[in-house]
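When the chains are written out, they are named A, B, C, D, E and F in that same order, and each has its own residue count from 1.
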């Protein structure tokens, strides 16, 4: 029974798939995606911006209020990826919404893709496109040429906007093509998505939470650095994992994310003052 | 001086938005140098200083919410200082960096302070109120604008020395602590995800992903590929099994 | 039928679970655990000391002689872990015995936990607690102060005994709490334990058997070091694996462990004399 | 001298037991230095020498049965020699180490020689005779005591020179060979485990654990975590399957 | 139905297993294996030489023309391994043919073994036996002694021929012993072989295709090396994988391997001229 | 000179075959030096030069079709040149290497050119014509022989200078490009394998193997071991399942 209820929760009640997003819908979403980080914050990161960008699609697809609410709630969950490549995920997810996939499956795909695209995007844009275009621009500017900033902006933004809009349409097409199949087999697909999704979350925990102790115990001639001599040898990244699990446990105990954010600030500042973090 | 300070602050507000939204990168020093140069009437010096500050910030990348010294404030203060005090561009860098670091700490506070607003967003979601969601985002942008406006206005209007004295009042340890807290923050987002996604049945994969990165230092993409390879195995090869008696499926979902 | 016999072998005939270990039983076990390595040897390592420490629990739990014998035999099998953290395993295993879990499951948990706890304990105590406390002690002693040895012993043993006794009780509680569930599903749990257990044994083989050949073939200008140029490039740790499998094969052929120990001494000394090991 | 030698030997016996049992670490040089100092009537020198020897042995850890030069004998001979010959503590180290290495080889022999006793223990287990098991452990401790007693007594009583000559008679290659054999010994324990646990069905996991350490140099804990993640997958996700027709389960156990 | 047809395709129609290869059959195959690389080429590598070596066995085993053709076609598929150790695979495969295993299973075993044996053989012969024997030979020759070449040839070829013939017989025996069991359960075995086989192919793609871009973008002060700064950080070996998948896709689109070889030459030479590869 | 050149070319043909077939290693410089020495009447010089060239080529291994500078041509030209021009053996190396590199490029072309012949082989296979297959292999050997014969004959007969001028006409970039193409060629073989073996059901394992080598740099053997460990798991542990309802099996094969 619990499972029946649950099933209801994760399925849209209106399963009709007659709505199709138009090119201009997708373009509107791509424009809105410029605001992905408008309300960036530590609790949900890009969630509200993501939802804002997805809004044109969701509004058109879910004509039943009940379904719209289900969808909005899910899209307000934690989200973070690269702000350029995000449109690829948007396209795919829009197609999945259109085909009324199970909510759990949609969430699984969101989580499974956001991590890798974040990493790839950081490498491609922040570590490649930016230094190249800014390097050219800066070298012109240093010689006093006004062409510097202009060349930089043109170079950078041609790539930027072609990708932002192109990936939206490409993601949508990919989604439409490959989603029909996925839906037949909801349970299995959402299982597969959970497998990738949770692997990625595990990887994100070890990659993106920065927490190391600087504690060094000096004992006469001996000196033991807790991080490098003990933790790194038995379980590197134990502190990030521990902290994530602590947050998880507190959330389950009913603490609000806000409280956790406050605590994190206190621990961070306190740890610095005590010299142990 | 007021007009110039206001114009520069206006530009800082716009550039501050662009740093996180739009991302057309008009916020980079190489562009800001030109703009500040025009405002303060020394385009040449602005260009040269902007170019040099660009090189300083090159490679400080904003990865996963981690914040390098703020490039917008750094670029603007650096360029303005170089022109106003008629100093050598390379000296400008020394002045720009402490402001940029302080601004970065401020951004951490901002991202912290904006978290509660998400609960308003949850309410709007619950009501199906998409306008509300939009407003929250517009509000976020306004906050960004105002913050950058003020932070850029003060040192230009009151002079770098006075402003620096103000910045100097913030203890370095406090600023460092904020930046450290910023690095820990993603834990909360991941915990929220786990609260939704984690079931006993899949806990093994969380461990898998963690071990692959913690011990083997694989990039996320490699973990996603390995996860996909397991998911494919599970999907196709165990296929026949799960399709058999429909009754059994319940067992999986009800879980232990 | 073979499987039926086997099943009988791995199940206690008396399945009653009315015995409960008292706090003082656990404390007696913790005291005895000080003798974990009293009869340390290369064949079973800490097995006899482990059994000695477990004796109070086993005696109380297994009232049928037949069951006691089954249990003693299993607990005389090879065992090795860190001598402080061992009480955590003891607590868990005592709870499992109390609940009359399948013998195969108990063995699986023993093997699955001993390896990791060994590694963690070595890092925590031999590489952390000891250098810190001894460092402080030594620096005082070198200045001629009698406080040196005293401070050292107090520091070290507070941690030591708190852990030794604390972990015994904690392990037992953990065991009691989580073991009831495990028993329902014996086959599946012992399968899971075997998966972890054998992975750990594979890891132990590669970690803890020290065997490298020093053979270097000098051929005119060329010189090939068998270990670094060949083995390490195709299959590092091939010799430890090979030696473990050889021992395994000889055991299966009926050789006694004693004979194998003798052979190992001969190979070690002989290899040194020949200069190939 | 006899009394002193006997007292020191007594202490060596106790410390020798503590090295493997009890582990209160009264066996460390920093304590032994004090005790030997008291016995030989020069507490100061004992403390200082003990402290220095402590630093020498710090970090030589007894991991997985691998034996560093014996810390008990090293500490005792070192401290006694420093006081008796009134040498500088740092010279004591040079004398202590060869004895400690020889003692380590002796320990390897002891651990080898004690293996046959396990078969007596098997018999006791077969009879359900827990007293017997206890006796074996007491016997083990007695052997440890006696061995350390003798090894410490001789050099203190006959003088380091004479004793060193005796040690010198043992060829270095032989001692090295014993230590090498000690390093190989765990293979036998693992083989005994395999004899009990290894079934064709699970052989893959043995390979897995081996490959993860041999090629990727993962620590055991990481392997256990990965093993757990597979076990969880197997337990929860394949769950429905194995529960289906009870007849099939036999197949698994009977195995091919 | 598709599956039925397929099943027919992968099974020999004559399932009799009365033929046994004689020692002299195996020896003939070993002699022929000297010609393994007689027609080495980039499309199939050692395939034709492999088939030539297997011919005596195949001819004797498959008396029905239809089966012989099936077998020959499969043995003309891509093959590459170490030219000495190859006889071990030959022995096993000959035994499998003799027992009329499923063609898919035979292919799986071929692919699963050729990669690892290639790597092992390269380490053992090209990196060990050859430098040792040639080192001795060269040092004698440099002193003007005619013993140099002679000692070299004798040393090298004793190992070479003992292994080449020995492994043929050993492989065959192993095959005969362990193959009977495999056949009972064709589907499962060919699944297992596919698992290992495809893992090995994935590994071969990353190991043996050499393709790196030398493209460096210089932008004022900044310079980004595409290979080391971008690809190696996100997905090393992305170019080899991409190229292999491109070739796969073109093959599926009906392009001939010859065309692909031609294109590869053009890309290689062109890339060098453009300075991007 | 003609006789000598012909004899040397004959030897080159034989050695060239041995490099890929037979592999008795009579093709190595240490043997070739002796043979060329006999032909040209200076056994001593031949031996010494051969020995030195052997050391140069030692360790340039022919792995997975990748070609180091051709050892046959290198050895022959080097030895012949040293004797004919009466130069110091070490100078011979400098002359030998460019020829060897060019010959290596030629071999890449040969391996490319031989690919079409495989389609003839396919036809023979289709006809069950094993004689045809044999002929193709004999043909391959003949081609090898002739190629080496010519490539060795020319420089010995016309003199190294003239020959070098010819080699010099081939642009270095072209030769490098061929070698680069040689390195890419295995992609085609693997693609052919994939065309036969790849099914959606197993695609995950292709990814697995790739990731293990690309990111973790495991050797092939380790990948095969891990693959085996998964295959064993799948074979034994999932065993009962797949044996159950025979109807389900079809599903696996028909695949999605």
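Definition applied: a contact is a pair of C-beta atoms (placed from the backbone, for glycine too) under 8 Å apart; a residue touches a chain by one contact, two chains touch by 3 or more.
Note that the structure is a prediction, hence the values are computed from the model and not measured.
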Message: Starting at chain B, how many touching-chain steps does it take at least to reach chain C?
response: 2
Graph distance between chain B and chain F, where chains that touch are linked: 1
- prompt: Hey, what chains does chain D share as contacts with chain E?
  reply: A, B, C, F
- request: Please state whether B-E or A-B has more C-beta contact pairs across its interface.
  value: A-B
- prompt: Approximately how many whole Å separate the CA-defined centres of chain A and chain E?
  reply: 43
- prompt: Measuring from the mean C-alpha position of chain C to the mean C-alpha position of chain D, what distance in angstrom results?
  reply: 13
Query: If you average the CA atoms of chain A and of chain D, how far apart do the two points sit, in angstrom?
result: 51
Query: Hey, what residues on chain C touch two or more of the other chains?
result: 119-120, 127, 131, 134-135, 137-140, 142, 191, 221-222, 233-235
Task: Enumerate the residues of chain D that touch no fewer than two other chains.
output: 55, 58, 202-203, 205, 207-208, 210-211, 214-216, 218-219, 221-222, 226, 228, 230-232, 234, 237-239, 241-242, 244, 249, 252, 256
Message: By the document's touch rule, what are all the touching chain pairs in this structure?
response: A-B, A-C, A-D, A-E, B-D, B-E, B-F, C-D, C-E, C-F, D-F, E-F
Statement: Residue set of chain A touching chain B in the complex reads 2-3, 6-7, 34-45, 47-49, 51-52, 55, 58-59, 65, 68-69, 72-73, 75-78, 80, 83-84, 107-108, 111-112, 115-116, 118-120, 122, 126-127, 130-131, 134-135, 137-142, 144-146, 148-149, 152-153, 156-157, 160, 187-189, 191-211, 235-238, 240-241, 243-245, 247-248, 250-252, 257-258, 260-261, 264-265, 267-273, 277
Message: For a test of understanding, state which residues of chain D touch chain A in their complex under the given definition.
response: 55, 58, 219, 221-222, 237
Message: Per the contact definition, I'd like the list of chain B residues that touch chain F in the complex.
response: 216, 218-219, 222, 225-226, 228-233, 236-241, 243-244
- line: chain B partner, complex, touching residues on chain F are 200-205, 207-208, 210-211, 214-216, 234, 238, 241-242, 244-245, 248-249, 251-252, 255-256
Message: Touching residues of chain E toward chain C in the complex: what are they?
response: 119-120, 123-124, 127-128, 131-140, 142
